[in-house]
Structure formats: structure tokens, C-alpha cells
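Note that subunit A is present in both complexes that follow, paired respectively with subunit B and with subunit C.
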Partner chain A sequence: MSVLLDIRNLSVNFDSRRGTVSAVRNVNFSVAQGESVALVGASGSGKTVLSRAIMGLVDEPGHVTGSILFEGEQIVGKDENELRKIRGLGVAMVFQDALDGLNPVFSIGSQLKEIFTVRMGFSGTEAKKRAVALMEQVGIRNAKERYHDYPHQFSGGMRQRICIALAVGLQPKLLIADEPTTALDVTVQAGILRLIKSLQAKTGMGMIFVTHDLAVAHQISDRIIVMYNGDIVEEGPTDTVFRSPRHPYTQALMAAHPGRVRSWRDLAPIPDEFVTDGPGEGVISSGPSVAAALN
Partner chain B sequence: MTLATEKQTNRTFVYSERWQMFFASPMTVAAATWLVFVILVAIFGPALVGDLANKQALLMRFAPPFQLEKGFQFILGADSLGRPVLLQLVMGAQTSMLIAILSVGSSSVIGSTLGIISGYFGGWVDNILLRIADIVHTIPSILLALVVLFILDPSITNLVIVLGITRIPVYLRTARAQTAEVRQRTFVEVAQAMGASDWRIMTKEIAPVVIPTVRTLAMLEVASVILAAASLTFLGIGLQRPTVDWGMLVADGQAYLETAWFVAVFPGIVIVLTALSASLISNWLRAVEDPAQNILFLSKPKKKRSESK
Partner chain C sequence: MVTFLRGRLLSGAVTLIGVVVMVFFLARLTGSPIDLFFPEGGTEAQIRAFEQAYGLDQPLYKQFLIFLGNAAQGDFGDSIWQQRPAMEAALSEMPMTLALAGIAMVVSVVTAVILGSIAAAYRFRRPDRIITILSLIAGSVPVFWFAIVSILIFAIQLQWLPTSGSYSWKSWILPVATISLSPIGVLTQVVRGAMIDVLTSGYVRNARARGFGSLRLIFRHSLRNAALPIIAVAGDIAASKLNGAVIVSVVFAFPGIGRLIVGAIMARDFPVLQASIVLVGLAIITLNLLIDIIYMIVDPRVRLS
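== the complex of A and B ==
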């Protein structure tokens, strides 16, 4: 498998009045074609900032340093016009807030159609045909009839399906799914995960699946990357990481997972020293020192 | 089943749905009828009326309204110089509508464009535009009008410019506030992640959400612009005869309010009706264009469906 995305020494810093906040620190990892990587970590660990950096969507006052190679092309420092060509066609993204992911004043169909007319230059009728096909592909029943419906007429799960359709519509090579199921209930979540997985298998795109749900990560990924406070603290094949986590933080995460215990009394909460409110605020700043602190 | 078949013929369905919503709201129908009538009068009236409107007939001074024997043009009475109120209203319709439409149109378009730019880009662009808006806002519009109209002729064009410029900040602030809120929403992020340009996001994602608000505001401003033009006339720096607008008629008539109420009251009623119609229509448009709200206007056919079950 060839390398699709290669990230080296990536840091994202935000300048603020109280000094620089490092949201992502010296991160290295890569994603191969057709590979599914789960990015897990607590809120504020830098998952979302990292995925936005890959899209080139880090705005002022954020600064990205290091290297992000997508199909050999450097993303860091690329100008906006060049980045726009990669977005959607090369790298696409599914966002967390499915309920607000579609413009409320346009019909579902017209929003789907738009990506084909604008990005691919298709004619109206051809684009419409594709949009309907896309709706069917993500499991919307009666796609033709629902084409003219508005977002508020769709349930949360259906809206997220449409958002996924938007993201995969142009057949991107890499899909970044940023907690796509957190706004949905568990039964809908299972359907969405199955959908994403089957789409990935069908199109052979690479995927970075951002989540804080270990069960979801386990279900969907080949490889797992654990982030803590802006650092990658553990990386490895999903099964291996689940069976024998090496890093203390990962171990603590696994111990806190309700799927592993019979009674909630056996749950081990994440130790206080791991709890942070945001980047740069952790008691323990980087990987090795976490281990040292626990030992 | 009927729902499905209805939706297959989507284009005609959408239009007939609009009409259905239109007729479901009698107030809107009345308001639209009145506005269409006023606009038709404004376009064709002055040409038909001709010189008759400004013809002075001292014998007719303060002729009372609702009496047909003096001729139909005196149905609404006559003013202090015997000019028929009805025909003055017809002449005034053109000027008032012209001033209202042009100044509200230009200030809302300019104001909301600047507001969307300001709210979208933020930073120094936002700061500069907002400070300029602050400055314009602090100048009392009457004072600015006094100065401008004193130096330049009190023509319709200058009136439009003065009334337009002083109202720009209102639209700018409204559009900016909503843009700043909308640009944080996920669908804008989605568009960005799909590779949409700033221009595209502003025109295709943000503007459609912001425009209904601005338009509602603009419709309400129609009334205040007509009244502002009237107050300028009242101060003697507005339009000069023979050009008349409704505000001028009210201003002229108010001196005789005790003896001849109709000279001021009829133009006043016309202004109120027009302003009210404008805001009723804007209200209806706002509701209809909001896909989540417009179902309210379709309550009647919905009722039938539940009855048949």
C-alpha cells in the first residue's frame, strides 16, 4: 500500500494574549491508501485541530509548522486557491454537528447537486441524476421524492447521511470524519458507521476517523492513534493497542471503558493528572514524562 | 400517496404551493393589492392627471370630501388653494414611491453587502467598516440633510442620496451581526471543506440566510423614509412645489387640521396603509422563504387530510 498522507513534525500553535498555546505538538504519522486510522483522545487533545490542519483550514491566529504531504504534495504553506482544489476532490471532511451541516434555506437535492455542477462542471440534469444516486448510496429511501425536501424535514441521522454523501460525492482519496456520530443516538450511530465503512471499502479511500469513543474506534479502524494534550502518545494496529496498550494514558483509557467491566463499580476513572481543560494545560506535557510520572 | 404524486411534478408544485400560501393569508392579499395599486398609480397616474392636479381653483378652497357634484376629482376634498386632494395624492404617489424605493433599495443593497463582507472577514476590515458606520450613525440625519440640501438643490436625487446614506449603517449592522453568527455554523465549514471560495460562501451560503432579515428591515424602513422625507419638507428644505410627495401633503394640511381635516388626514392614511402593506408583505415573505416555517400557511389543506383519515 502506498502512502497517501504523510505527516512529519507537525505542530499547530495559536498565539494568544497570554502566550502561545500548542494545540498539536510535533506529530508524526501516515495514512496509507485504503487504510482506516482512528484518532482517539479526550476533548481538547488536539484531534480536531490536527484534522483541520490537514484540510488547510487552520485560521488566524493559528500557525501550522512542519510538513503534511498529501500524495507527495505539501499542504503546509500552500496558498488558498491551490488548497481549494484539494478540498473536496482530494481530502473531504465529515463534521461532528450533523444537525447544522446543511444550509437550512436550500433543498437537500440542490445542495448535493451543487457539488457536481460547481466542482465537476456537470450539466443540471446529469448532476441531478448523480445527486439522486448519491442519496440512494447513503441509504435514503425514496431518494427521488426526498430530493426536494429541506434539511429540517430530515432526521439527524439522515442529515448526517447527506453530509457523508456530500463528502464522498466527489470520490476523495482521503476522508476525515471528525466525530461524525457524537450528535446521534446509538442505534443511528451503528448505521452511520456501517455506511462509512462500506463506502470506504467500495471506493478504497483512506480515512482518518476522529472519535473519543473507543468502541467506535475499535469497530472502524485498522490502526489507532491515541492523542493526549497535543501529543501522539501511542500508535499501533487497533487489535494490538486494545489487547496490550503500552502507554499509561492508553491503559487508563482502556480501564475506564465500560465495555470491559461487569459492574460500573469496577470502572477505573481516568487519573486526575490526565485531566485537562485544554491544550497546554496538562500537568504532564509529553509522552515520556507521563510514563515517568506514573512510575 | 397523494403526497408522493404531488412531489413528482416538483416545479409546478413549488409554484402552486407559493400561490396557495399567498391566498391562505387574506391580509397579505390585501396588502399586495394595495401596493400594486399604488405602484400602478405611481407609474401611470401623473401622466393621466396632467396639469389638473396643480390647477388652483380658489372657489374650491377647502371643498369638503365625499361630494360628487363638484366633479370626481374633488371626492377627497380640496386644499387651501383649491387643488383636488385626490389628484395631489396621485402626483405624490410617484415622488414618494420613487424616493422610498430608490433610497431604501440603494441603502439596503450597499449596507448589507458591506455588512456581509464585514462579518465574514472580521479583523481590520470589520473594524474599519464598523467605525465608519459609527461615524455616519452619529451624524444626525436631519442635520446632514439640512447641510446637503442647503448646498445642493432639494431635488429627488439629492433627497434619495441623503436618506440613503444615513440609513446604510442600520443595514450594515444587521447584516454584519447575522453574518458573524452564520459563518460559525457547520454548513459554512462544510462548504469550506468542499473547496468553496470566500466569494461563493458569501453569496451562496451566507447571503440567502441574511437576505430575508435585511428585506424585512427594508420594508419597515419604507415607512420611515416616507416620513423622513415628509419631515424634511416640513422644515422647508425638502421638495419644493410643484413637485409633491405625500409627506408634503401632510405637512401642508396640518395647519388646517381644525377647519379642514381631510387635507392632512387622507395623505396620512395613504402613508400608513402603504407602510403597513410593505411590512405585512415582508412578514409573509420572511415566513414563506423559511422552509421550516412556511408550512404554517398550508394548514388548511393539511386539516382536510387529517379529516379524511
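== the complex of A and C ==
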């Protein structure tokens, strides 16, 4: 498999009045074509910032340094106009806030149609045909009638399906799904996951699936990357990492997962030493301690 | 949509009836016009004739019923002081009021959209701080104080502008500035907030992630959404300006329904007062209906519910 995305020495820092906050520190990893990678970690571990950096969506006061090669093309340092060409067609993203993801004043259909007319130059009628097909593809029943509906007439799960449709509609090479089921009802989550998985299998796109849910990561990924406090602390094939986690943080995460225990009494909360209030405050940081833990 | 409009028309009618009842009885709390019309005390016969001419000899409830019956036919009686129908007097002042309110609203909205957008673009940085502080001051300054101080500075000290009247375009500047000041302050904050909300919203970020250009992001994916709260607040302010900006018309001796109303209260010219208030009420109700319709066109959520 050839490399689709290659990230080297990537750091993302945010300047603030109280100094610089490092959200992502010297991260290295790659994603092969058609590969599904889960990015796991607690809130504030830098998952979302990392995925936004790949999209070129880190704004002031954030600064990205290092290298992000997408199909051999350097993304870091590109201006907005060049990034535009990659977004949507090259890398697409599904965000976690499904309820805020669609513009409330435009119909579902017109928002779907727009990606085809604007980004692919299709005529109105052709774009509409594709939009309806896309709605059917993500599991919207009566797509033709619901084409003219507005986002507020759709449930949260259906809105996220439309957001997914908007992301995969242009057949990107890489899909970044940033906790796409977090804002949704548990009963809806499984359906969305199945949808993403089947779309990925069908189109052969690479995927980075960001989640803090280990069960979801296990279900959806070939490879898993564990982030803690801005660093990648563990990386490996999903099955291997699940069978024998090496980093103490990964072990703690696994122990805290309810899927592994019989009763909630057996749940092991994440030890206090791993709990951070935000980036740059954890006890383990990059450098020797992480290396030691991994060896 | 039809049901919605029918509901709004109905509530507008109820409001108008309320206005009619209130103005009739409140006006009569100010006293009798007889004392003003005959300051030296008229003869018994003169007073009787005056009372009969304006129906003041009838008991209050009867006066009210007569007033209602006539008003329903569009007849608001004759002015006590001016020798013409009350509604005619009120209508003749409306063009000036509408022009003043209209110009002030255009000035307010345009200024506020520019300032608010700049503040949103530079949010939490220096331009935003300066605009926010200025807009809070503008929104808090008492209108009468600003009117008098601006006359002192621009009309008396600098002698750039006339103190009062409405003779040339120059005499419009201070009244328009006075009326626009507080709306500019309030609306700038509304625009700023609305713009920040939309620019940081998930749907604009998603649109950007789809590879749309910044012009498309602003003009298609932000403008209409940001317009919603601005329309709501600007509409409210516009309605409040239709009373002819009483303070402005008094301080600047600027013609308009405000000046007419103040004069009618002072003179206890009930027919003119009633006609003017009903006319203003009608204008405000119409404007609100218009805003509702605009809102429905812009926001599908209102349209369908």
C-alpha cells in the first residue's frame, strides 16, 4: 500500500497571553491508502487539533510546524487558496457537532447540490440528481421528497448522515471523522458507524477516525494511535494494541473501559496522575519518560 | 404562512383597539380643554356652546361610544385649535416623521453593520475593543443631553449647523445624528455578536472544510444567518422611531408627528391627540407585520412552524 498521508515532526502551538500552549508535540505517523486509523485519547489530548491541522484549519493564534505530506504535497504553509483545492476533494472531514453542522437557512438539498456545482462544476440538474443519490447512499428514506426539507426538520442522526454525505460526496482520498457520533444518541451511533465503515470499504478512501471510545476504535480501525497530552504514546495494529497495550496510559484506558468488566464495581478509573486539565499539564510528556514507558 | 399572517393581523387589530381605548381615557386625565380655551373664564353660554361643539357635554362613556363609532368610520373629529379635521392634521405631519425615521434607520443600520463587522473580524483585539467601548457609550448617552450638547457645540460654538427648524439639508444633520446615536450603539453590538456567532458556527467551518472560497463563505453561508437577529432588533428600533422622536422634535423644533402630539397634549386637543396616536399605532403595527414577513422570507424555521 502506498502512503497517502505522511506526518513528520508535527507540532501545533497556540500563543496565549499566559504563554504558548502546545496542543500537539512532535508527532509522527502515516496513513496508507485505504487504511483506517483510529486516533484515540482523552479530551484535550490534541486529537481534534491534529485533525484540523491536516485540513489546514488551524487558525490564529495557532501555529503549525513540521511536515504534513498529503499524496506527496506539503500542506503546512500553504495559503488558503491552495488549501481550498485539497479540502473536500483530497481530504474531507466530518465534525462532531452534528446539530450545528448544516446551515439552518438553506434546504438540505441545496447544500448537497452546492458541493457538486461549486467543487465539481456540474450543472444544476446533474448536481441535483447526484445529491438525491447521495442522500439515498447515506440512508435517507424518501430522498426525493426530503430534498427540499430544512435541517431543523431532520433528526440529529439524519443531520449527521447528511454531514457525512457532504464529506464523502466529492470522493475524497482521505476522510477525517472527528468523533462523529459523540453528539448523537447511543441508539443512532451504531448506524452511523456502520455507514462510515461501509462507505470507506466501498470507496477505498483512507480514514482517520478520532474517538475516545475504545470499543468504537476497535470496531472501525486497522491501526490505532493513542494520544496523550499532545504526544503519540502508542501506535500499532488495533488487535495488537488491544491484546497487549504497552504504554501505561493505554493500559489505564483499557482498564477503565466498561466493556471489559462484569460489574461497574470492577471498573478502574483513570489514575489521577493521568488526568490533566488541558494540554501541557500532564505528568508524562514527550521525551525520555514516554520512550522508557514504550520500551 | 397564511395562518401565521392571519394571526398577526388579528393581534395587530387587538393592539389597535387597546391603543384607541387607552388614548381616549388617558387624554381625559390631563384635564378639560375648556380651561385652556377660556383662560379668562368664558360666559356660561360660550362654554356650553364649546362643550356641545366637541361633545364634551355628554357623559364620558357616551363620549367614548361616539368616538368609537366615528373612529371606526375613519372620522376622528375636528381639531379644537386648528380649523381642520384632526386626522388631516396628523396625516400632514407623517411624511416628515417617516423621512426622519427612515433616514435615521438607514444611517444606523449601515454604520452598525460596518462597525459591527469590523469588530467581529478583529474580535478581542484592539479595533474590537475600541468599537465596543464606543458603541456602549453611544448606546448609553441620554438623547436629550446629546441633543442639547450637540446644539451647543455645532450650532452655537462652531456655527456650522442651524439650531432648529427644517429649512435646508443642514438642519437634518443634528436630528438624524441624535436619533441614530443610541441605535448605532445597540445595533453595532448586535451585528458584532451575530457575526461572531455565524463565523464561529459549525456550518461555516464545515463549508470551509468543503473547500469553498471566502466570498462564498461570507455571502452565501454567513450573511443571511447573521441578518436574522439584526433584522429583529433593527425592526424594533425602527418601530420606536415612528413616534416622531418626541425629544428631537421638541429640542430641534423639528416638524413631525412628535411635535404635533406634544402640542396636542399641551393644548388638550383631544381629537388631534387621538388621531395622531392611532396613526402612529397603525404605522408601528404595519411595520411589525412587514418585519415578520421579511423574517419569514429569510428564515425557513419561522416560515414552517
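Here is the rule we go by: the second predicted complex is superposed on the first by the 287 of 295 C-alpha atoms of A that agree within 3 Å, B and C clash if a C-alpha of one lies under 4 Å from a C-alpha of the other, contacts with A are read in each partner's own complex, and residues count from 1 in each chain.
Definition applied: a residue touches a chain if its C-beta (ideal position, glycine included) is under 8 Å from a C-beta of that chain, and two chains touch if they have at least 3 such contacts.
Note that this is a predicted model, so its numbers are computed, not measured.
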Practice item. After aligning the two structures on subunit A, examine subunit B and subunit C and state clash or fit. Key: clash
Point to revise | Which of subunit B and subunit C A:G101 touches, first, second, both or neither | key: both
Practice item. Check whether A:H148 is in contact with subunit B, with subunit C, with both or with neither, and answer first, second, both or neither. Key: first
Check your understanding: Where on subunit A do the contacts with subunit B and the contacts with subunit C coincide?
Key -> 55, 57, 84-89, 92-93, 95, 97, 100-105, 107, 114-115, 118-119, 150, 152-153, 163, 166-167, 170
Review point. Given the complex with subunit A, which residues does subunit B contribute to the contact?
Key: 4, 7-8, 10, 14, 123, 185-187, 189-190, 192-197, 200, 204-205, 208-209, 289-292
Practice item. Using the touch rule from the top, collect the residues of subunit C that touch subunit A in their complex. Key: 201-214, 216, 221, 224-225, 228, 298-301, 304
**Study point:** Of all residues in subunit A, those that touch subunit B in their complex
**Key:** 55, 57, 60, 83-89, 92-93, 95-97, 100-107, 114-115, 118-119, 142, 144-145, 147-148, 150-153, 163, 166-167, 170
Study note, to complete from the structure: subunit A contacts subunit C in the complex at 55, 57, 80-81, 84-89, 92-93, 95, 97, 99-105, 107, 114-115, 118-119, 150, 152-153, 163, 166-167, 170
